[in-house]
Amino acid sequence: MSNKIKKLAVLTSGGDSPGMNAAIRSVVRTCSYHNIECLGVYRGYEGLIDGDFEELTARSVKGIINKGGTFLKSARSNRFRTEEGRKQAYQKLNEVGADGLVVIGGDGSFTGAMIFNQEFGFPVMGIPGTIDNDIYGTTHTLGFDTALNTVVDAIDKIRDTASSHNRLFFIEVMGRDVGHIALNAGIAGGAEEILIPEENLGLDRLVDSLNRSRTSGKSSSIVVVAEGDKIGKNIFELKDYVDQNMEGYDVRVSVLGHMQRGGAPSCFDRVLASRMGVKAVESLLKGESNYMVGLLNGKMELTPIEKAIKGKTKINLELLRVSDIMST
Amino acid sequence: MSNKIKKLAVLTSGGDSPGMNAAIRSVVRTCSYHNIECLGVYRGYEGLIDGDFEELTARSVKGIINKGGTFLKSARSNRFRTEEGRKQAYQKLNEVGADGLVVIGGDGSFTGAMIFNQEFGFPVMGIPGTIDNDIYGTTHTLGFDTALNTVVDAIDKIRDTASSHNRLFFIEVMGRDVGHIALNAGIAGGAEEILIPEENLGLDRLVDSLNRSRTSGKSSSIVVVAEGDKIGKNIFELKDYVDQNMEGYDVRVSVLGHMQRGGAPSCFDRVLASRMGVKAVESLLKGESNYMVGLLNGKMELTPIEKAIKGKTKINLELLRVSDIMST
Amino acid sequence: MSNKIKKLAVLTSGGDSPGMNAAIRSVVRTCSYHNIECLGVYRGYEGLIDGDFEELTARSVKGIINKGGTFLKSARSNRFRTEEGRKQAYQKLNEVGADGLVVIGGDGSFTGAMIFNQEFGFPVMGIPGTIDNDIYGTTHTLGFDTALNTVVDAIDKIRDTASSHNRLFFIEVMGRDVGHIALNAGIAGGAEEILIPEENLGLDRLVDSLNRSRTSGKSSSIVVVAEGDKIGKNIFELKDYVDQNMEGYDVRVSVLGHMQRGGAPSCFDRVLASRMGVKAVESLLKGESNYMVGLLNGKMELTPIEKAIKGKTKINLELLRVSDIMST
Amino acid sequence: MSNKIKKLAVLTSGGDSPGMNAAIRSVVRTCSYHNIECLGVYRGYEGLIDGDFEELTARSVKGIINKGGTFLKSARSNRFRTEEGRKQAYQKLNEVGADGLVVIGGDGSFTGAMIFNQEFGFPVMGIPGTIDNDIYGTTHTLGFDTALNTVVDAIDKIRDTASSHNRLFFIEVMGRDVGHIALNAGIAGGAEEILIPEENLGLDRLVDSLNRSRTSGKSSSIVVVAEGDKIGKNIFELKDYVDQNMEGYDVRVSVLGHMQRGGAPSCFDRVLASRMGVKAVESLLKGESNYMVGLLNGKMELTPIEKAIKGKTKINLELLRVSDIMST
């Protein structure tokens, strides 16, 4: 592979997600495979500014493919939003001879990378790491599949107790402004209703629908609510409304919270991370820059990082319909 | 085994817990082994009053040992708190020829059973089923071990993200008025602090201790908080106090909620449930009544049900000390 | 939806896989949604011949989306390979007024369905249910994703003990004649080598490669072997060869076996099952027949069942390369 | 605490088990709590002889409580069986100023420790780490509870496929010469028969019993076989015998293998490990030596190490009876 790159840096930024460690491992080993040096940058852009680097070898990333979180740690960096901060980061990279950067993170992290590339012409490549699956240019972000399994496992447990008591549970799941986690985990968890930002049923229709469920013989119900959903002001107010407007259920709320971000990555996420790391490094070695690697139609593809940031992911309408049919 | 009992009834009552199905299975199969009929009662004391019974055979309880919840369903019954309700329950049991009752539940359920026995001399036997481990007369209630593993798994996941971000997490776990879940899961989850109702550190000492952790080099921390703990008014106020009184951490809250009550029971809980079911049925067959079966020093023992209700479980002081040493 | 179908039958056939219950549930509920009756057929084609049917409603499939196996049971049927047997099956379907059949299974099951369709013009639709992912016309068969997670979890556990003891483990995984499980789970499990039927390294190169791993500082190694791989006569002979031809490792074998076929389906498999069930029923209602539903480029697509049987799935060459790079 | 010990060494030896890392962490942190230095010894007695030591602080054992295996690695040491080897080990310990040794392992490891203590008067303390639960002086060895959950999870998965196909499965589990894993996991897995070394049914009674199960309406069966059981020469011959002597079942074998030794430790094992580490260190600090710490009646107790080695654990007869009743 012909190229002039000799030393890559890799960092994780923004909210962490399962598979980030596997992606770092892949970046490092792909560098090793191509006889390129690799520097791990601690604490995302903060560490980039501070020069908090560590040389990583194939052996130094052993035993991490199955670990949640990111051993390079992540952070949000206000300093990197300033020209001053980015300039300092550029100097630090120059000092150590790094000539390419792989950024594992979400859209905020990619925006930083894009600006950094625009200002200094420094080669950057993005790997989409977030459980929310809200990045354009890939059907799956790193950690999405794992988070889905975590959520579904929690719903299964809650259903045990819901169906022992004829209860209605509102379960809030993560996903920022999009409903991907809610829609998939809701179908898989056998939810009677799934509330997502992309579709607003309205409170009355929700209550109607739950009443129909109730009278059709369901003795317990699960409603999965995306954190970005706006049907109620928040899930506790949603609960109160339903409590006051329907009978026969004992209504409860469960906010799954940060456990959704952790845990050993699924097989899918580990394989995806491994593929993305290879693609990111080899693309940089081929002279590509300012792209995000993604999974499209089962293949590794590059999307201009600006498009990845500005594009909108769409909810799969077929899934919405499947969800409706399943809650018959 | 000499006795006059010909037909037993079994019900689950109060909050459900993993292992209840395994206990029902054991009661039914022990009846079958001794050629006794067994009736399942649906919806706890509610179903007892309504005569909501189903004859259960060894085959009708197959495939349930690994299921969370209770297929007989559980409910709280206000009617059973009235003499009227209990009288009706007694009549229903008489109508179907049942001459003994196994109650799987917590102290509230046992109180109902005890009064029922006092009023009608009807033989009853209790099996302690609750995740909270707050019943006197057994070192382990059914579901406690499973809930501990569920909680620890969630803490492990949260730690992944906590340590990726230098965060301090307050994690609220169940346990009603006692700290058994918090103390055990806190030690196993590697918590820096464990807040339980039985021991009140005070907010200042908590902040001091977290500050010491911070300065000793810990970059993230987990504080496990029992739901019954009173150090703050609630966990969100606790978070706010700490947020305002210490620096360097991004503080978050996670309330684990009802997923703690569900899930496939652990090996321990399945074996315990099987043992308890055998002991409960065989004790009734021997003419014993008004007892709770429990695990004491590794053996199945009977405790008078009144003692089980009124007795207090104590927190294991050795564990408190171990927790202190581990957070060195 | 205009059509003349009034009553569908659904069966599971061949080796079972996680997600089959979720697919049955989806078929039943999609029928219910379209006001079509649905019959469950027990024991695959055996039950079809014996008329072992049960009417299924939306309520009768509750609580099964998360269960492994198939509650309709599966069986291999020699009788259905005879004209006599198929004729009898046809009569049984006619007797109960069924006018369409959904077959959930692998290529053997599809062959039966195709011949049945050819002989009697009876509308059939296939849903690919097998952990092996060896069916043409879908990127994922039902159960493949779940099996991968089961295998990876087992590899993680084995690695714990391998790395505590400087051991080399040969781990045999399922997959019949193809290496999809081995390749994906091998990458995700961090295997040093992956032996699949599609690529024969040769024993000498295997030993060379393991020796290189050893001298490069790896103190333990995992080799994942597809059951269909032919590098040794079987995995125990493979172990013996390596034992005799390299030093420094204590070599062990683990055959993961049938646990790979069970377990609660992953979120992915539950969603896939739900989608496939909808697609299969609605395709029959639209008058389509003799197809298999599959996932292609993220969408539900139909493939002529004959093509699904005769087509060959290919190993993803990119994954082979990723595997090589990762074991650097 | 008054004592003269200033520096402890800790090692893991023999087969690894989940909870060993948690025990090392506890030993290290208890040393830290008492201002004692702590040395980790790599590769068990081999490292002791080679002086392969590393100073461990409270911070160096963070993040390991939930990891299977042992980061200090384990090994069997022939050299330590020689006086020469032990002498060298003693010298190495003297050179670094260590004046006490904690050995985490099984009876073989304890024998080494005892002889070492006899020869040099060097203070030693044992922590029972093995999944087999075959050590006298503790009701639970470290790793036993975790292994049980691993085995039960595998049995649950196998049952999914067994009951989909009317199959009889023989499942071999670990346990060396004792049946503790088989008996507990067999009850929890709902096994129809459990074959353990402590009780020999005989092949004819086994076949009789399976036939009774079959005719009583069970369509699939699980037989759990302890690896130390001698009813057949091995499990495959056992399968062949049953295959030839009963009808109606498709008989299969699954040998669970080394995955039983790995995995994240259960809550129980983490708490037990933490308690044992504290007890071991504090007992040495109090001047005790040549003991094993164990869990007896819920409390940490010391047993003379010779007694721990020579004593026999007994199978719980109550469990055997429960198993019989449950397979009614």
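Note that the chains take the letters A, B, C and D in the order they are written out, and that residue 1 is the start of every chain.
As a convention for this text, contacts are C-beta pairs under 8 Å (C-beta built on N, C-alpha and C of every residue); 3 or more make two chains touch, one makes a residue touch a chain.
By chain, UniProt protein names: A, B, C, D = ATP-dependent 6-phosphofructokinase.
Note that the structure is a prediction, hence the values are computed from the model and not measured.
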Problem set entry | Intersection of contact partners for subunit A and subunit B | none
Exercise. From subunit D, which chain is the farthest off, judged by mean CA positions?
Worked result: A
Seminar exercise, completed: Per the C-alpha means, the centres of subunit B and subunit C lie apart by a whole-Å value of 39
For this session: Can you check how far apart subunit B and subunit D are, centre to centre, with Cα atoms defining each centre and the answer in Å?
Result: 28
For this session: Could you please state the distance in Å, as a whole number, between where the Cα atoms of subunit C are centred and where those of subunit D are centred?
Result: 35
Problem set entry | Contacts with 2+ other chains: residues of subunit D | 156, 163
Exercise. For this entry, which pairs of chains touch?
Worked result: A-B, A-C, B-D, C-D
Problem set entry | subunit A-touching residues of subunit C, taken from the complex the two chains share | 25-26, 29-30, 32-33, 58-59, 62-63, 65-66, 139, 145, 148-149, 151-152, 156, 163, 184-185, 187-190, 216-218, 264, 266-268, 270-271, 274-275, 278, 297-300, 318-319, 321-322, 325-326, 328
Problem set entry | Of all residues in subunit B, those that touch subunit A in their complex | 12, 15-16, 18, 20, 67-70, 73-75, 150, 154, 156-166, 169, 219, 252-263
